[in-house]
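Each of the next two complexes has chain A plus one other chain: chain B in the first, chain C in the second.
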Partner chain A sequence: MRSARACLASLLGSGGMIVLLIVLTAAGTALVQPRFFNALNIINILRNAAILSVASMGQMLVMVAGGFDLSVGVIVALASVQTALLSGIIAGWMPDAPILALILATLLTMVTGALIGSVNGAFVSVFRLSPFMVTLAMSSVVMGVTFYVTKGIPIYGLPDAFMNGIGRGMIGRCPVVVVIAVAIVAAVIILQRATTLGRHIYAVGSSPHAARVSGVRVRPLLIGVYAVSGAAAAIAGILLTARIGSGQSTLGGTLALETIAASVVGGVSLLGGTGRAERVMLGALFLSLVANALNLLRIDSKYQTLVLGVVLIAAVCIESLSGVRRRHD
Partner chain B sequence: MAGGAHLLELIGARKRFAGSVALDNVDFDLRAGEVHVLFGENGAGKSTLINVITGNVAPDAGEYRLAGAVVPHMTPRLARDSGLASVFQEFSLAPDLSVADNLFLGREPNRVTFLNARAMRKAAGEFLARLRFNVPPEALVSRLSRAERQMVEIAKALMDPHARILILDEPTASLTDADAEKLFAIIADLKKRGVGVIYVSHRMREIRQLADRITILRGGRLVATVPAGGVTESQLVELMVGRPIGDLYPKINHHPAEVRLAVEKLSSKDGRVRDVSLNVRAGEVVGLAGLVGCGKGEVGRLVFGLDAIAGGRVTVDGQAVGRPAPREMLRSGVCYFPADRGQDGLAFNRPVRENASAAALDLRAIGGGGLLRLREEARRVQSVLQRLSVRPLAPEQQVVQFSGGNRQKIMLARGLMRDIRVYLFDEPTVGIDIGAKAEIYALVRDLTEAGAAVLLSSSELPELLYLANRIYVMHEGAIVDELSGENKTEAAILACFFGRKQSDSAAGSRTAA
Partner chain C sequence: MPIRLRSLPLAPLLTAIPAFVVLFGFGMVAPDVLTTGNLWNIATQTSYLAIFTLGQTIVLLTAGLDLSIGMAVSYTSVVAALALVNVAAPGLAILAYLAAGVGLGLVIGAVNGFFVAIVGINPFIVTLGTYNILFALSSTVTGGFPVSDFPPLTSQILVDASVLAIPIPIVISAIVMAVVGFLLRRTVFGRSLYLIGSNPSMATAAGIRVRLHTLGAYLLCSGLGTFGGLLLSARAGSGEPNIGGSLALQTVAAAVIGGARLRGGKGGVLSALLGAFFITVLSNGMNLARIDGYIQQLCIGAIIILALLAEQISQNAERSS
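On to the complex of A and B.
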């Protein structure tokens, strides 16, 4: 038992497991459905994985710091609606500079996401509330605002440049969305490996008391981490909006769960203190692959959420079995 | 009574864990009415041996006999049913239940009704009173201090009227001397009733006082089992570490110079520290003594900015500190080392390197501009770990894989990673073995003789008496007396423990064994 656990831990620790899963899923799907390796299908998977990766970066940072963010899904929906509305309004103010208007709209949307996140962080760190409850309640609040604004009706009329440039755009043979996601993941990798801030996030997640004794200011750090998660969710929402071409208040329904699943599959500990950006990106890729495989195999979308749940439970079980156990001697 | 019948025998016990030998052909026996001390460094195999005895770990080889009868396969349940009771360092109490509920947990009277709950509380109260443990049976365990929880833990093990064998793993680690004496009286009583006690401890005084026989383990092997009367302390320590070891407490040459840390009328918001004034000079160790709960441990936390201050002033190197906060204190050369390494001190699932450098990331050479110089960090950590002789020297391993003594060294490494001139230690040697203790004392000596100012809060009187130049004694949050030179005696400190100023009372009315 002990050696099996050690094997599992080292496999998870090295990230080998997730690569293995990806290869097996891809090979298996391709065997049954040769269309899998179609260039269009691959690009489709990569786009989905890219957007999920961006939102998962924020989720992962919060989890590494010892928390949870269940509000990423509703922030995606709000961001989608906000970008669509704002780009229209601002374009009305400055009809000569549609691109600038678009940039302003996306920036403001990111600020909104960060603000929502920092309110989450403030409740968690200052009032010491459970991250689970705070972000769940915040989800309800944000969802309410989004539905109030849109009444559930999609918002059309986004500039073409937005969809063609970002959503469907390609740089060479690589989708723009993927380039953006890879850049963000790279930035998070640098944050985690090579900055004092990244180190502090690990320290706070592993032991907030120890971090404090070492001179880390825990509260501002937590507020900042939740703010980053909100901003990352907003970016994911913007990218998703650019893909589908309209502002939708129904986006992101299962995204909170998906980002947590991507993180856990990518080796992030539910106890905090461990987790790496590159592996979470692989986790997101794996989940997107599975969803794509289910589509190709013509499995009803109802079963897809079922599969997501099963994957999440399996990942949590594996994480717990291989997890660090605090014992003497 | 050391010649009683064999309660338990273990012959040729062996256990391997993933390539390393935890127990190698160890014999152990326990007789009725004796206290058998298990002695050894962390990692010597004591825990594994106890786990084999309690059935938590199945040995790879060896014979297990209880009262002469061979037990082919011991399990925790069978152990409990055969009258083995144990108290481990890690608490097994449910924090949200009351003391009484915890004492009866798993052995409740058949139907727990309202009346029975009351009866349970009464029985628990009587039992605690018989043990002379001053813990209210209706109190929630989460509200109790560490020492009180320890008492409940011991009471819980003793609740079983059929207990024939009692295993105590460092039971006094968080008890005051007065409460430890109560425990010793109980142990003496149990011995008379023919109970055999397996007792794990690093504390020489206790071993002297309690042991009938001592078994010394080293590296998973049995070194010797000796009668307690026939062996001196230094022989024991040499048997344990396998090499001669100089005197445990080094001679420190104190050269008190300028005042590094001055505290004036410092009070905490929670009221646990009241109007404390003290100073620590460069080149001396200053001790803080007092009973558990007297506030001595909180002084360091207040000075370092971890707890809220109600009033008073902290001055470092002549500069008044407005409102102490850890980051600013580190920058002005003050470092605090908490007693509870697991809770407050270390990030267990992060590598040693990150823990060692955690308080030094704002240094320009390591983390200037927010970017880490990973190579420089690794180089510095390596040299500090070498200086502290952390074993194994594996900076990328998680802290959780290290023994207590090495964990303490990893925490101390923080103080050596940057220019620290004031060291605030809280119980720096709790729960670590003698070899590591000696190394930590030697480090304190080196730091002090190099001009550091050291404030040492400790519940171990010998530690304070040997290491400190001056000792402040606290009682109920306030400083009662300052002892130095010839006044610095065990009797004087003990007198102050109960709130009497040493000069007001006839010293020596209560001396410890």
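On to the complex of A and C.
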């Protein structure tokens, strides 16, 4: 028993488990449905995984710092709507420079995401409210705004360059979306491994009190981490909008669940203090593979949420049973 | 020294004051609010929400949470409706309806409780997981379509009947409140839940079987929630796959406004009832004042944050006094 547990712990610890899961899922799907290895299908999976990875980076940082962010899904929807609306409005002001208008629109959208995140962070760190409840309530607020503005109707009229350049664009044989996601993940890896700020995030997640005593400014740090999560969700929303070509208020419905699941599958502890960007990216790849497998096997897309729920609970159970989880109380 | 509102015996009743302020406020904007018909309507809607909120309050007592309550209501609504329309004898069908719904609700509660209490996983994550599982099940079991054609006897018994001129939903809700109130205040099980929430290590030291009691809290929560959902479906006249959509937010909002705490150990029948009354008055008023549904959603979110802030501030005041 003990050796089985130790074995499981070492697998989880090294990240081997997630690689194994990815290989098994890919092999299993390819056996049943040979179209799996079709180049188009692989690119499709990579694009989905890329967008999920970007949003998951924010979720992971928040979880490492000991919190949760349930508002990532609604920020994706807001970002989609905001990019589409703003790029139209700004393009009206500067008809000669549509690309510049688009860049301004996406930057403003990212700022909005960061602002919503920092409000979450302020409630969590300054007023010490439950991160789960604050971000859940914030979701209700943001969703109310998004639907009130759009009445649920998609917003068209985005410049073609946006879709062709980013959403469907390729650099050589690699989708632009994937390049952007890899760059963001690389930046987060550097943040986590090579900067004081990154180590402080781990410290705050492991023990806020110890971190404070040793001179970490916990409040600004937490506000910043939630702001990054909001901005990451906004970027994911922009990338998703570039893929589908319109602003949609219904995007991101299960994204909070997906990013938490990607993080937990990637070895992030629910108690904070542990988690690595590269493994969370693998977690996102695994979830995208599973979704793709369900599609190829022609299983009703509604069952994907069921599978997500099961994967989340199973991953947390495995983490809990393998003893990787540490107790703080 | 600050006034310690929460230590006054009548403290929960203070929640009723903002509710009446909101009620008369909307009454001035929309004259329909203060008609006798609408006041009965508010009372009836409060009686449904109070049952859901009481379920949520019981898990909040143990410092837990049930995000899945709304989806449990949706799923059991559809499944119980299938039982109802497939049993021929109307009397028997209603029994099958209630038994199937509450039975399934208890199974859902057992699953939540197993992972939270026995395996020891964060209740937010467990119920977020079961929320999505139940969402998938309730939107696929009948392909997302409602199950209608309830026999007339269902609404005659569960909706339109009355006892001493009081509508039956209010009577049933009052009985539920009385029974659960007795359970919470006068039984070892109920008293234990308060101790588990406010001081888990003391509860263990006192010999309380914490895991078993916590499991019981989740069973009770889902049981109550699905029972309330069955009453609501009977009113709608169909099993609705999206009947419980926003119940998680509404019940947590109502419970916290009524005086329950996310950290556990506080709340009961009265807080659930008053919180439910507040949320009902607010949404009823906003509906009659023709406030956009999406703005209402925004308001619910803002109110939860305000209630959490108020909870935190009063707790700090308690600690410093």
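Going forward, the second predicted complex is superposed on the first by the 322 of 329 C-alpha atoms of A that agree within 3 Å, B and C clash if a C-alpha of one lies under 4 Å from a C-alpha of the other, contacts with A are read in each partner's own complex, and residues count from 1 in each chain.
By definition in this document, a residue touches a chain if its C-beta (ideal position, glycine included) is under 8 Å from a C-beta of that chain, and two chains touch if they have at least 3 such contacts.
Note that this is a predicted model, so its numbers are computed, not measured.
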{"item": "Fit-or-clash call for chain B and chain C when the two complexes are aligned on chain A", "value": "clash"}
{"item": "Which of chain B and chain C A:93 touches, first, second, both or neither", "value": "neither"}
{"item": "Which superposed partner A:137 touches (first chain B, second chain C, both, neither)", "value": "second"}
{"item": "Residues of chain A touched, compared between chain B and chain C (which is higher)", "value": "C"}
{"item": "Partner chain in contact with A:273 - chain B first, chain C second, else both or neither", "value": "first"}
{"item": "Partner chain(s) touched by A:195 [first = chain B, second = chain C, both, neither]", "value": "first"}
{"item": "Touching partner for A:209 - first (chain B), second (chain C), both, neither", "value": "first"}
{"item": "Against chain C, colliding segment of chain B, chosen among 22-30, 94-102 or 274-282", "value": "94-102"}
{"item": "Touching residues on chain A, where the partner in the complex is chain B", "value": "2-3, 6, 193-197, 199-200, 202-203, 206-207, 209-217, 269, 271, 273-274, 324, 326-329"}
{"item": "Contacting residues of chain A [partner chain C, same complex]", "value": "68, 123, 127-130, 132-134, 136-145, 147-148, 254, 256-257, 260, 264, 270, 300, 302-306, 308-310, 312-313, 316-317, 320-321"}
{"item": "List of chain B residues in touch with chain A within their complex", "value": "17-18, 42-43, 46-48, 89-90, 304, 306, 326-327, 329-330, 336, 338, 342-350, 354-355, 358-359, 361-362, 367, 370-372, 374, 398, 400, 403-404, 414"}
{"item": "Complex contacts: residues of chain C adjacent to chain A", "value": "65, 67, 115, 119-122, 124-126, 128-133, 135-137, 139-140, 144, 248-249, 252, 262, 292, 294-302, 304-305, 308-309, 312"}
